[in-house]
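The structure under discussion is supplied below as structure tokens; questions concerning it will follow.
Going in written order, the chains are labelled A, B, C, D, E and F, and every chain counts its residues from 1.
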Amino acid sequence: MSFSSFSEFLAMGGHGLYVWLSYGLGVAVILINLVLPWLQRNRLLAEQKRRLRREEGVQ
Amino acid sequence: MTMQTNSVESQRQSLSGLFWATCRREYLLSFRRKSDLVNPLIFFLMVATLFPLGVSPEPGFLSQLAPGVVWVAALLATLLSMDALFRSDYEDGSLEQLLLSPQPLFVVVLAKVLAHWSVTGLALTLMAPLLGVMLFLPADGMPGLMLSLLLGTPTLSLVGAIGAALTVGLRKGGVLISLLVLPLYIPVLIFGSSAVQAAVTGLPLGGYLALLGALLALALGLAPLAISAALRISMSS
Amino acid sequence: MTMQTNSVESQRQSLSGLFWATCRREYLLSFRRKSDLVNPLIFFLMVATLFPLGVSPEPGFLSQLAPGVVWVAALLATLLSMDALFRSDYEDGSLEQLLLSPQPLFVVVLAKVLAHWSVTGLALTLMAPLLGVMLFLPADGMPGLMLSLLLGTPTLSLVGAIGAALTVGLRKGGVLISLLVLPLYIPVLIFGSSAVQAAVTGLPLGGYLALLGALLALALGLAPLAISAALRISMSS
Amino acid sequence: MADQLLTVQNLFCERDDRILFSRLGFAIAPGEIVQIEGQNGSGKTTLLRILSGLSRNYEGDIFWRGEPVGEVREEFCRNLLYFGHQAGVKAVLSPQENLRWYAALSPAIDAEAIDHALEQVGLRGYEDVPCHSLSAGQNRRVSLARLYLSRAPLWILDEPFTAIDKKGVAAKENLLLKHAQQGGSVILTTHHELGIRGPVRKINLDQCAGTSV
Amino acid sequence: MADQLLTVQNLFCERDDRILFSRLGFAIAPGEIVQIEGQNGSGKTTLLRILSGLSRNYEGDIFWRGEPVGEVREEFCRNLLYFGHQAGVKAVLSPQENLRWYAALSPAIDAEAIDHALEQVGLRGYEDVPCHSLSAGQNRRVSLARLYLSRAPLWILDEPFTAIDKKGVAAKENLLLKHAQQGGSVILTTHHELGIRGPVRKINLDQCAGTSV
Amino acid sequence: MAEKKWMPRWFYQLASPRWCYQITGKLLPWFALVAGLSLIGGTLWALMFAPADYQQGNSFRIIYLHVPAAILAQSAYMLMAVAGAIALIWKMKVADMVLKSAAPIGASMAVLALATGAIWGKPTWGSWWVWDARLTSMLILFFLYLGVMALNSAIENESTAAQASAVLSLVGVVNIPIIKYSVEWWNTLHQPATFKLTEKPAMPAEMWVPLLVMVVGFYCLFAVSLMMRLRNEIVWRERRTGWVRELLSKQ
């Protein structure tokens, strides 16, 4: 453990803003890469199921 | 008497309706095509990356260049996008319909120029700080840069539209327009870049902005009439 | 046996015939329209006049800028003219005819790029000294400037044509092409402007020119194939 | 003269030293359908552009309800619907958006009329499709929908039936007839054989210029 | 199958979730004239673009003289003349200059043939006029002159008669007939009533898509 | 047919979207597991246990995001180019779907590398941005990504879009070494090593092991995201086939 207290951990030796900004961005990018395809999948499946039902309805 | 007022009223209403309908249409066109929307942005970004690469990456040197380069880039971006203002309308026949409309032409023209400005000039203005950072423009210069662009780019659009209208029917439009319009752009460039330079060095820049404002007022008053007349002339052959 | 040689011979003849016919057509088009011919010239001149006005009129400062500015202007001029390379053919249906021709596509493509280069890149090269003088480029830099442009601009045209071919069927072509092509242009810009800078400071510039030459050779070998493939792909939807 | 909608006297036009027509004179009364005939290049389009006021490349006089057309320009435009070679349809806009702008150009047409007009020209279901993914004929139909929207008495139509299928042509011909019966006038060119069940006056421009095969 | 020029099997195409045609199959023998019929937007242009190899947006098989067309592409192109919606005429070039380039694209046509072809389409005297000062029909005629130049057996023509006057249409119809009599084949679309004095096979695309008025 | 022999069997199986969909479905959870573990573990290690740099202090901890992102941004482009080549040469559908799916992930990694680099630059160099060789070439790589994505979204027809992006990414990959070389050379010419990125210091193991963990985590994350996008793409493009219908009706 390199830090003795939580506030020191947050401050990051005066570079807190930079470090936390970076890690925030990192988390955001990782989440975006997971959430977007997931949402896309849900939308796609729902849409295709609707289309399937529509086509079955026509026949 | 009331009859007449009413008709005047309804006419005014239909005029503003036409104005907004035209704006709406132009925005739709820009958003659908995207190119009008992103072109100045790309052009700006291109200039901002090419300059350090081509000229020199030193911050000190670049920061000296920055005011002029941003203004020259804005001017070129406007000028290059000007040619398309009436051309697509000309080519697909909408311009004929426009000229045969009973509504006064200058309303539509003004709406088109406004829409054009807001996707070029205004976009450039909003993007200018990014360019400033990439070219190491001192932070003091930013407000001056944005204000001068805000006041200067509408003039560029209005004046450019006169050139576009004069050359719309011609097969050689693209060239001519630069020749016609460039001399008229030079005062704007000079006042604009001087304003930024003044802001950077901490001098007062009110005078330059006032001059840019005066140019804008002049252009707003005269250009729509000139543009309408030019359109009629160049379509009548 | 002789039969076969003959047919190979006649085929080669018809290929070179096609090459020159295409060149001829492109030149005719440029000369009639004039705009292709004069546009880079005007753009170049504009840059040369706007820079002193917008940035600073001091000869010392300008001469430092000159190599980079000339190269950036050449690059932008090429890039901006690239979009039109296949667009008018696309719009009037000639491109369809081209794709349905039994002749190999890359011949026509190469001829078109050659013609395009000679009315933009070559013209720019020939005009560069004028620009150099206007921007106070030291006389020592002139040969380097012209040689580097001569070797670099064909690469720009070839690479740009790939972008033009990829975007020809699209309504948003104009923007995309800049985005696609610009990153690929950067090595040429760097080597080109470095060559001029080397020439100005009296350093040997053979290395840079050799690199530009190598890039040109690479582009000449690969680009025509990529362009033909891209044309077929983007027309096939 | 004032009871004619449009009167043309002594019209003369030349292009590149080729005289297209000279001493051309005619008048168009309300309720008339006039077809300008002539082979390719005989000057039909040129004449229509002159009549509509788009081209001023002529000599002679044109009167609108008895007054020189140059003097009553705005009044004339208010009463005119012009349909040119180019359809005036923006490829990236949908049919509805295209028509909405036309409605704004000549005021007092409501949005409902647009949907109705699009249905009339058979574009129901395509209202929201961008025009670049419509076929050639469908694109022309978008522009033709203006005929259903317009209340102008004078229609000038330059080859309105290009690329339109047979059923569509028949529907448009009926529309023209109806317009004439309601007192409107139509000047048109077309290379189709007109199937209008009513009187159609023909003006032939073949005497001078044009291709001869 | 090898004695047919073009064989189409089980062709399927959809656009924007609208099925234009499915399980379309036909064969075209030498000497046949085939007219693709259908209302606006029924997919005629789409079909012709697929047949000519311009569009690959389809499923199914197309054979040229019995071989899959993808494998004999060059051979196929050598035997094809395609005439599309757009005329492929450069406005700033003269008719002669336009045609000269087309001649270079499909080799072994001499300049004299060009003058002759221009005369055939009635553009004598206009050889040197830039095409932007020709009328709409004259512009189409420039492109139609290619029909007189071509020795390709298969012609695919998309609305070749647009903007052409009646005499011109009759001349072109004769040309098509002559081409068929000499063993060539023609696939065309047109909204004109064809007046060809010979057998014309019709293929109708109306079942699925398209406008219905 | 003969030349097909020397390609391994899985290569042809991969060509079948259906097989690909199934195999990625099986692989996904494992990759997700590894990615989750190593990312969380690596981050905690990096933030709390790794020692601070004696020069840069705690701002040094940005490296644990910066370097994996930079590495991945470059790897993803290579993957795209390989996929593009396969798509064009063997006309393999799955390859162009991989290409299309990889582009946005690579672009997001390039953004992350640029952003963390810029943030890191502020405390170490005193400015957000300098025209350094590595920075510039990363920026250009980002532009290349943008180009592929823009082209892909501008073309409506899917297979046309995929082929066009394949051509573009191949052209781009030819240029990447040239760009890198030219940019490095240009920079050393104009501006001798003022702002050179710290050469890899002889890092103590406590520093580089978490870095390695993060790199592995990022690669697995990339694989997870790629497979998710790829599966979506497969479903979309194969929506008319029987097996997708079956799949949909089963769910």
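We adopt the following convention: a contact is a pair of C-beta atoms (placed from the backbone, for glycine too) under 8 Å apart; a residue touches a chain by one contact, two chains touch by 3 or more.
Note that this is a predicted model, so its numbers are computed, not measured.
Listed by label, the chains touching chain A and chain F alike form an empty list. Separation of chain C from chain E in touch steps, taking the shortest path, is 1. Interface residue usage between chain D and chain E, two copies of one sequence, is largely shared: over half of the residue numbers at the contact are used by both copies. Between C-D and B-D, more C-beta contact pairs are found at B-D.
Greatest Cα centroid separation from chain B: this falls to E.
Distance between chain centres (mean CA atoms), chain B to chain E: 45 Å.
Computed centre separation for the pair chain D/chain E is 29 angstrom, with centres defined by C-alpha atoms. With each centre defined as the average position of its C-alpha atoms, the distance from chain B to chain F rounds to 40 Å.
Rounded to whole angstrom units, the spacing between the C-alpha centres of chain C and chain F is 32.
Residue positions 85, 91-92 of chain D are each in touch with at least two other chains. Within chain C, contacts with two or more other chains are made by residues 32-33, 171-172, 175-176, 179, 182, 186, 190, 236-237. Residues of chain F in contact with at least two other chains: 157, 160, 186.
Partner chain D is touched in their complex by these residues of chain E: 15-16, 38-42, 44-45, 85, 120-123, 126, 129, 133-138, 141, 159, 162-169, 171, 191-192, 211-213. Of all residues in chain D, only 91-92, 132 touch chain C in the complex they form.
Here chain F touches chain C in the complex through residues 88, 140-141, 143-144, 146-147, 150-151, 154-157, 160, 163-164, 167-168, 170-172, 174-175, 178-179, 181-183, 185-186, 189, going by the rule given at the top. Partner chain F is touched in their complex by these residues of chain B: 49, 52-53, 56-59, 133-134, 136.
By the touch rule above, chain F contacts chain B in their complex via residues 127-132, 136, 139, 186-187, 190-191.
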